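In the two complexes below, subunit A is the common chain; its partner is subunit B in one and subunit C in the other.
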Partner chain A sequence: MSTPISSRKALHEWKLYLFIVPAIILVGVFCYFPAASAIYHSFFRWSGGTTKEFIGLQNFRDALGDRIFWYSFWVIAILVVSNVIKLVPSILMAVLIHRLKSDRWQYLYRVGVVLPMIVPGLVTLFIWKFFFDPTQGALNGFLDATGLKAMLVWLDGMMGWDVFHEGIPIAWLGEPDLIIPSLIIWGFPWIGAVGVLIYLAGLQSIGTEVYEAAELDGASSWQKFRFVEFPLIMTQVRLSLVMLIIATLQGFGLQFLLLGQDGGPGGRGMVPGLWMFNRAFLAGEFGYACALGIFLFVFILGLTWINNRYVRVEK
Partner chain B sequence: MREKIFNGIGIGLLALCFVVALTRIVLMNKGRTDDGRKQITLRLAHWQLENGPREAFEEMAKAYMKLNPHIRIEQIAIPERIYPNWLITQLVGETAPDLIEIGIGMTDELLARYFVPITPLVNQPNPHNRGTPLEKTPLRETFFDGMEGGYNQNLFEYYTAPISGVTIRMYYNLELLEAITGSRTLPRTYEELVSLCEKTRAYAEENQAPIVPIAGSRYNGPMLMNLLFSSQTQKLSERIVPPGLLEADPITAAGAYLRDQWDVETPEVRSGLELMRDVGQYMQPGFIQLMRDDATLLFVQKRAVMICSGSWDATSIRLQSGFDLGVGRIPFPSRDNPKYGKYTEGGLSEAGTNAGLGFGLTRNGPHQKEALDFLLFLASQRANQIWTDVSGWIPSVIGTRAGKEVEPFLPQAEGYLRGLQITIGGGFADTTRVFNTNFHLLVSPLGGVDAFTNAIRGQYPETLVSDLHRYVRTQRTLVQRGDTQLGALSWMASRQGENRILQQRFDTFLQADSFNQQQFYRARLLVEQEKSPQP
Partner chain C sequence: MSESSSPAKLDAVTAKRPSDLGKHLVLLLLLGISLFPFYMMIQISLKDNSLFFANPWLPNAPDTWKWGNYLYAMRLILPYVANTVVVSVTATAGCLAISIFGAYFFARYKMPFGGFLWAAFLLLMLMPGVANIVPLFAVLKGLGLLNTLWALILLGVSGGIVFTMYVLRNFIEDIPKDLFEAAEIDGASHFHQIRNVVIPMSGSIIGTLAILTFLNTWNDFLMPLIVLRDPQLFTIGVGLIYLDGEYVKPWGQIMAAFFVASLPLIIIFMFMMKLFIRGLSAGAVKG
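Our next item is the complex of A and B:
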């Protein structure tokens, strides 16, 4: 770690700090200014043009009583939990690749995982939308061909779900009770290229002597993963977790494309970002949308703080 | 060594691409024409990504550029879904193109603030109609709707010169129709439509073919259903609409709902909902989760006999379908229909169809004079002929010849006025959202009219009031803005007593302001009555 320089020396070399001024200006203009503008406009009734009316905390009061907004946090909570579980396949994939003895095969698998990244995310979303098509989709086709549909119908009868019926194609995005399961299923098998690469980088930094020590102690594969590999990649896992939570909380592109601007049937797929979009661009309430954004910001800040404080990394 | 070579090739390719792109941009911006005039680029933005319009705009631009070699026209096509976001960003950021299609995402405030009205030109002939029978005709009278499609009745100004008409039709796969019924005769009544749907189902079952009668989606389905619904509320509309008005505007409809003149259990409304459900059962299961392209794909893949869509989809569907296409008006229930005839007057008239697809002139455009000239060119008979010939869309300028393929889409006057819409319409965003999020209850196989009405009955009054609140705020802003202009005009008119044009402008503006105030007070009264209901 570098030693800190004295303030006297720093002031003497003040010209060097001019090199970071352009970066600060750019960050200020493109990152901090929009946020400041959102905070400013959250105190106004503003429809996006130049006319605005100062209304103080009214937008925040309205947001506190907005049922749809608070319901959207339920949806996001379920998606965050499911996305955390969906980290597991990426970790397992990274471990499997790391444990390959052949460097060539490691390389090939790495390329295989990364190649799908060149497909734009939008294309993947549309492909999944097609998968969910009730009459032509691959998912229903698979369920029918394997007999799993019949099993689901039987299970539905036992559990009283009332969503799977004989002779009626499953409307994954058209049935309110199936919307959240569809949002969870989306992206199967949940192996994200970026995640795999991050974990792989972490695993490759583990020294071979640690593995040798574990083998001498008679550790099994599972024990190696549980006591050696997983703890030593916790830094990467924590980073992924923070990025994932922020992305899930802020994101609404998936819901917008799959379900439309109202969050689908019954509004079951409504998430905070989509509700902000709805209020801003459909209802023309930009000031209110800014206030919703402030709530979301505070929520994300709180979760990040909890994550930093309680998800500790044993060094 | 090999690695260095590969790296070098990679960097070299990247650098080459960068240089080529940079050169293109620089040469584009610094173009000069042969006579040394500086080249002007006019940018034209729209959301018409269907087959036809972009090619037509290209041809119209070419025709204009031949007349004006120093002008270059550049089209910017923006997907419909993100058009409102893009529009606001461009306008507020003052980077908007010279001409922008007016429609999706546009509000009166944006129009008034960022666009130049073309009202002063509407009573003058269009210079680009020179040499045609419309040479001396005022611009306004060269359109089949009197340029009403370009008129904003809240701002009392003309902002666009619309170049196309639009109608809604039923498209048929004639080959499938013939295979199912033995003939290519299109259904003309609702009863014939139902018969065709039933025969299609029987045909599909008999031949184990995955064919549905009507291709539906969350775009096409409600389009057909809303029209059918409004055929059931015609008599209801006649009862609640004040004298002097032909159709219920959103405030009238909302007010009538809040005053208990109608609700979701009113027999006409219920009949309309049942009609929507009946027709919905002929669409593929789960159609409400599908998008417009999904329904079109189903139809062009010969897995549906019919699809309901607008004239704007005609060229796209024609190009993509490998079969003979039939086009017909929507078959409405007649008065003789035993189930749906009681509340209907008959099929809907298209006499009130206004021209659409117009471009507005942005205030901050760097080449306003040239942009206005191009706008007038687009509104000329010559350009409109190019438009209809290339795009296959309905022309808007009188005297333009509609091709054989466009004829079935021309507005038909015969019919009756449309009734109420269940979604109220007119930008009632929250009410529309309630309808959309509960629509699945109406059309799903296990749903029904009762499930739908039970779901929306409790929510509608609340959303109507919140939408009215929003409407009141918008109208108040309009009135306040209008008062300022009215004051200025009044002051100017008082000092230039002999200036008849100014006086006329003041009178027109006063009418506009009065109308806006009337709307404001009507909506505000409704809102106040909801807060303190009268015993």
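Our next item is the complex of A and C:
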């Protein structure tokens, strides 16, 4: 902890305040002022220029009746659930690496896990966009070559999806019903470097005696995971869960890059952040976009509160 | 953080299984699929479209490699790389300098108003960045910073300060008080204490934070997209977005451009891999 200080000494040490001034100025100008300005402008009809018209709560009323905005929260809900499931491969990978006998291999796999991270996320995303290309993409090529396409067509016939057809390339990013599936499957098998490293660090804190006890009880591999390893990395899993949910709520780069400003055909991939961006920079409704941003902020704040209250992360 | 686990523990982990073959198979499969996109990037980057359509999956013989793709990519991407390096390096240095001073302020003494200021900084971690984009645009416009790299530098610094300061404060508070007191008795000013006590004691975490800040600015494409109009100022992110927007797709050239765009990070990581893995794991344990 920082040392308590008497007010006389603090007065003597006034120069210390100079240390914090640059941070205050920058954060004030580029974080707090815009936030205050967003709240202020959410009561106006404003298109970014100098003219604006006070309209009271109209923007908020419009937002409540905005079907696209509500739909975007539905998309977010689906993405959050799928992102939770997507944690599984990383956990599996961390456990498998941890259980390897050879330290050398453990290290090599760690390096392998970090490798994809050094390619900019944007590039990975664009390569996936290329994979999704209906005629030239690797995904359709793979499905055709392995005969999985025929299986999808058959499944389609059974379920009546009307999205997979014999002889027609699958338009992953062009067919409205495939937009959300595409947003989910990109990045398969969803190994997150940071996640794996965090879990590995957690696993390493498991003591020998725990494993020996499990051995003596004749625990199976699954039981060891269920009763020894998983409970001990629970903290890390929760931590990445929280970060993931907040990132999913705020993010719209993925949707923007894969689908464009309108959220793809039929706006099926629209998320709140993208809708805000769209209203501001496409429609020029800056005031309305500010109001949407405040809704989003309150929503995230609420979730954070629930999280702090009920999902305790023990340190 | 020690890399190695004790042999006793490893025996206990794996006592009943004679070999790790199954695990290796699963791990290699997972890694293989994860790395597949980059394999495709590299092998396609050496083909033109007709070679690619004829043979999309496997690399061609070296004598057919189209090095021209890389010429095109370098001409296109290198100016963007230069801009991105300027922005990321300056923003990282600025962010760390300001954060170290700020963290020292909070960690050294309980100054009057310190608690209030700290709470005000932490509140920012909860604010969704997206909500601020619109007014931020207006602020930058008002300051005459639209279409400049300065805008990106300032945003990179202010965006990274809070998190960096948060982590650093905890580290500085863990430094034994005696060191500061000894330095003070020797007549060291606060500035000297930072230079001679704080920086040597928290070197590895500063390195990790530098990498994280650098990566954040390096990978950002949203603010550059909003702020920059002039193609000469484009950073990698915006450049790639415009490249993706082209109607006709010469895949070979595009993949070569992707590869060139990834190179700087690959080079940096070759030198810092150890630091990075260790830093991330250590940071994770601290929570």
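Keep this in mind: the second predicted complex is superposed on the first by the 274 of 315 C-alpha atoms of A that agree within 3 Å, B and C clash if a C-alpha of one lies under 4 Å from a C-alpha of the other, contacts with A are read in each partner's own complex, and residues count from 1 in each chain.
As a working rule, a contact is a pair of C-beta atoms (placed from the backbone, for glycine too) under 8 Å apart; a residue touches a chain by one contact, two chains touch by 3 or more.
Keep in mind that this is a model prediction, so the values were computed, not measured.
> Just to be sure I read the superposition right, which of the two partners does A:P176 touch: subunit B = first, subunit C = second, or both, or neither?
A:P176 sits against subunit B, while subunit C stays out of touch.
> Between subunit B (first) and subunit C (second), which does A:F281 come into contact with in this model arrangement: first, second, both, or neither?
Both partners, subunit B and subunit C.
> Classify the contacts of A:T51 with the two partner chains as first (subunit B alone), second (subunit C alone), both, or neither.
first
> Quick check for you: in the superposed arrangement, does A:I168 touch first (subunit B), second (subunit C), both or neither?
So A:I168 only meets subunit B here.
> Output check: A:P34 vs subunit B and subunit C. Expected answer is one of first, second, both, neither. What do you get?
second
> After the superposition on A, what does A:Y17 contact: first (subunit B), second (subunit C), both or neither?
Only subunit C; A:Y17 stays clear of subunit B.
> With the two structures laid over each other on chain A, which partner does A:M158 touch: subunit B (first), subunit C (second), both, or neither?
Touch partners of A:M158: none, neither subunit B nor subunit C.
> When the two structures are laid over each other on chain A, which of subunit B and subunit C touches more residues of subunit A?
On the superposition, C touches more of the residues of subunit A.
> Go through subunit A and flag every residue that touches subunit B in one model and subunit C in the other.
Looking at subunit A, the two contact sets intersect at 48, 129, 136, 281.
> Okay, in this complex, where on subunit C does subunit A touch?
Checking each residue of subunit C against subunit A gives 1, 3-6, 8-10, 12-16, 20, 23-24, 26-27, 30-31, 33-35, 37-38, 40-41, 52-53, 56-57, 98-99, 101-102, 104-112, 114, 117, 120-121, 124, 126-139, 141, 154-155, 157-159, 161-162, 165, 173, 177, 190, 218-219, 221-222, 226, 236-237, 240-241, 244, 249, 251, 254-255, 258, 261-262, 265-266, 268-269, 273, 276-277, 280-282, 284-285, 287.
> Help me check something: in the complex, which residues belonging to subunit A touch subunit B?
These residues of subunit A touch subunit B: 45, 47-51, 129, 132-136, 162, 165, 168-176, 259-260, 262-267, 278, 281-285.
> Quick check on the complex: what are the subunit A residues that touch subunit C?
1-5, 7, 9-10, 13, 15-17, 19-20, 22-24, 26-27, 29-35, 37-38, 41, 48, 89, 92-93, 96-103, 105-107, 109-116, 118-124, 126-131, 136, 138, 141, 188-189, 191, 194, 197-198, 200-202, 204-205, 207-208, 211-212, 215, 235-236, 239, 249-250, 252-253, 256-257, 272-273, 276-277, 280-281, 286, 289-290, 293-294, 296-297, 300-301, 304, 313, 315
> Which residues of subunit B touch subunit A once you look at their complex with the stated criterion?
Within the complex, subunit B contacts subunit A at residues 84-85, 88, 92, 105, 107, 109-110, 113, 210, 212, 218, 284-291, 294, 298, 429-430, 433, 436-440, 444-446, 470, 473-474, 477, 481.
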